[in-house]
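Okay, so chain A shows up in both of these, paired with chain B first and chain C after.
Moving on, here comes the complex of A and B:
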């Protein structure tokens, strides 16, 4: 394992809870994954529809940093993951796109490094048995819906993450903690993503359905792996409840927080106190 | 010494307007070896041909060049005239000064010069031509039809109607194919069984037809008119000649397995017939599920069989048959639905394929036509039909249109409404393709009389919500999102080539496309022929087709077979490749490039029978004279007769005025 951590802008700004819980479990597991020096914003959701070439060039610079450090890249934000992989694809195939890219960066960037989401690394490289060895607390009796969002699985050919219709990576990690991972149909539904700010009502409609489906299928909490999904489900949950007159009270965890809990890490270190939907009553009721 | 006669045609004004024919004849007359060079208004007319015949006799000509139209037009005419005058027809060549000269030029000076060049080239070629003989091939008067669906059945019946014996080969245990599984058929809504079963019986009773079920082609050797087919009769564990089809065995068999014929909606036994009207109405034992064959216990069927026709020791048998012509009618299969996670097939019991829907409404289906959904037996009130599942989707699955789904979906909405009068049928579609006789009217009827609601757009997801399925999709006409709560979802999954088709095509030496559909010799003008002589194609083996098209093609292919076997011998042109054995090194380059598998290795032995070396040998029956082999030969030991290197170089040198 030879990864460097690329947090991206979201984890540095809007989602410090994801960032902190990530660092906490990576350190706890002793994976030796430090932050990648000189990383650059991936272009996020605003650049790729407005300037395709620039949206490839920015992540290419991050790939170059990884080359300098001779590291593979570990990512948490699915949008960062997508953009890094797009740049990698563009740099790996001869053609006009690569020519333009090389011209705008000023040099060729070999892109043979691995780019992986932490959930994949934990499942496939660390492995469930190794994780369970370090678990001190069973999250038994808590029913959790794993919600992946739309970005991490699509397009399948680019992301190569898991089955886009029924991914199981996070479900397996959640189950490993002793929690009950429920089967439900909205694992990869869109949460409204960027409409959160420009057309909030679209996001509210979509997230309402996600929360309803999770609840209908028996979920007591939701586990996510995308900072934007988290904002839309957690930060906006009160607004959703007001708009539809329905109480959900579904805590929205990052999967890293759930793993951290099972490792017996301090809830404060996992930034559980930063969540908008207070998770402590639920955890308490389950004796966690 | 060559004595060449040249005949320049005016073709009325067609040639004469752009070519000074008299001058051309005059210039050509000066070429050494040309003893006669004349022009005439219409060489192809009777008097024109008479001039050629007379000249051959009077001037004792060794070769003739007719400078006129394309050889495609009149080579046969003039070669026949030459043969009538006692000359080997291959000693006559045509110089095309019409299509390739006068018709494409308007300057008479240049036209004349070009025609002189063209004629001179052919004169030099004809000087080097060798007499060739046509090749005669004997023909076996027996046909093999591969595939026992409606296409194969029709082909077998039509071939037998021409008095020719035919073997109908079917890999499953009964003939009937997909059509036997359908309920009613578009656009007339006549019952599929009612129109197919009589044909199945007719073909079974025809004394000229031998039906071989549960059998597959193992190997094919030989060539047009002279194929040798090896057929594998798979172990059935039942002697179908002794069996009377009484049914005692399958009534008593204790093992229940999902029925393939019922698309998994019903059950069958381990010894079974697939459906009551099966032909032959004889069971087989499914070795994977039979307790006796798997674990050595039970054995009840053999004990109770009144005719003792069950043998657990049955083995595959190989049979060899001499065959003159073959029809490939291997049909299709539906794409495996496991690919469509977004539609929840396999996850939700009430998401079914169109073929499962047919069994659900069919009077002979597992519910005897009582329309129930698989999960709880409830009668569905709202059904959503999704078209183009896997078809027209180059990003994920198949780029082609499966052709029949528009029509059968319209039909299925009708069948549904005829079962559930107040039901709602929704159809998601990309386009409605109803271009057959009475097809458009049929779709209109589904919409206007039976109330099917068509929504233009694709479905993005199907999921379970309580007892209902929720179908989410787009309506691209109103630019809105649609959400329908349904009791049943029917997927019109793509048709794809059946499993094993590529291996079969390789055995037959015929082509297939990137998907595995078999390739016709010409998509418009030779639609039922493969590129391999003597092998014909029909129905869905070529690409998705409906029943009328498949049946028409079956009759077309049968006509081709009858035409082929109507003569005792086939005659084909002598333009085939020939190997110079003394210089051939046996490198096999030509064998690898030959598209018709016409070349093989031959042993050269001394008098004591010791192998000295191996050389290439051309089977003139298979060779089409395409010439692919000749440039592949490093020692120039293979040549196409009628177009030898010597002859072609002479033409080229003449063009360059090197001769």
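Moving on, here comes the complex of A and C:
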């Protein structure tokens, strides 16, 4: 394993809880994954429709930083993941697009490194048995809906993550902790993503459906792997409840926080106190 | 809707540009409607995603470029993933937005301001400073107090990092300039109108 960690702008600025719980479990497992120096913004989904060339050139700079360190890249934000992959694709195929890209960057960037999401590394490279060996607490009795959102599974050809209709990567990690991962139909339904800022009411409509489907299928909490999904489901949950006059009270965990709990790590270190929907009453009721 | 075939249809030219922009062939669509059925934003659109594809097949450019649909698409890719004919519907929406921008069509949803606020942060810092994105967006859209109520909550929960990080911002600004130059060269090669970028 020879990864460097690319946190991306969201984890660095508005999702420190995801960043800290990620670092906490990576350190605990002794994976030896440090932060990639000199990384830059991936361009996010905002650049793509208006400036396709720059949306490929920006992540290329980060690929170049990984080359310099001779490292593969570990990511947590699905949007960063997608943009790094897109740049890698563009740099790997000779043609007009690559010529333009090289002209914009000012040089060619070899892009042969592996780019993986931490959930894939944990499942496929560390493996469930090795993870379970380190688990000291069983999260038994909690029913959890794993929610993946759009970007990590689609487009399938680019992401190569899991089945875009019924992914199971996070479900397997959640089940490994002893929690019950529920089967439900909204795993990859869109949360409204960037509309969180520009059309907040659309996000509230879409997340309402996700929360109510989770609840109807018996979930007591939701596990996520995307910082924007987290903001839309956690930070905006109160607004959703007000808009629809319905109480959910569903804690939204990052999967790294659930794993960290089962490793017996300090809830503060996992930034559980930073969640907007207080998870402690649920954890206490399950004796965790 | 009544269509005047000799006046409204610009099949050849439109079809060519669309194929180039979206890298997909809309002619393969047989109108099963699966894209429309799975679209999470269909409820806000004036014409459905499958109708957009149908109008593209027929070359009725005005109808699609002036639709709300292309601006409401959130690029979740559910449509393209499920299409039995492997038409990249999301790619078509993306391409139509670029074409509309080139032709000076006024966007039917406030998407540009957010894009501009993002690009500004990238040019200033090299990494996106998210509080700055929201502030920039609020300023450009004239809605200064949007989500301001959340700010103290974010501070209390220490959910926000107020320190911007500078990385390669100078190099990135140079790249933006070169990208603009490359785009202009390509556009003049193709004899297309140049896309206006801020």
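To be clear about the criterion, the second predicted complex is superposed on the first by the 288 of 288 C-alpha atoms of A that agree within 3 Å, B and C clash if a C-alpha of one lies under 4 Å from a C-alpha of the other, contacts with A are read in each partner's own complex, and residues count from 1 in each chain.
In the analysis below, a residue touches a chain if its C-beta (ideal position, glycine included) is under 8 Å from a C-beta of that chain, and two chains touch if they have at least 3 such contacts.
Just so you know, these numbers come straight off a predicted model, no measurement behind them.
Overlap between chain B and chain C is detected when the two structures are superposed via chain A.
In the superposed model, A:216 makes contact with chain B only, not with chain C.
By the touch criterion defined above, A:106 reaches chain C but does not reach chain B. When both complexes are overlaid on chain A, the residue A:185 reaches chain B alone and has no touch with chain C.
Look at A:276: by the touch rule set out above, it reaches chain C but stays clear of chain B. In the superposed model, A:164 lies in contact with both chain B and chain C.
When both complexes are overlaid on chain A, the residue A:206 reaches chain C alone and has no touch with chain B.
Once the two structures are overlaid, the count of chain A residues touched is higher for C than for its counterpart among chain B and chain C. Overlap of the chain B and chain C interfaces on chain A: residues 164, 189. Of all residues in chain A, only 163-166, 185-186, 189, 213, 216 touch chain B in the complex they form. On chain C, the positions that touch chain A within their shared complex are 40-41, 43-44, 74-78, 80-81, 94, 97-98, 101, 109-115, 117-119, 121-122, 126-131, 133-134, 137, 141, 146-147, 150, 153-154, 157-161, 165, 167-168, 171-172, 174-176, 178-179, 182-183, 186, 197. Residues of chain A touching chain C in their complex: 9-10, 12-17, 38-41, 43-51, 53-54, 57-58, 61, 100, 103-106, 150, 154-156, 164, 188-190, 192-195, 197-200, 202, 205-206, 235, 273-276.
Across the complex, chain B meets chain A through its residues 341-342, 344, 347, 461, 463-466.
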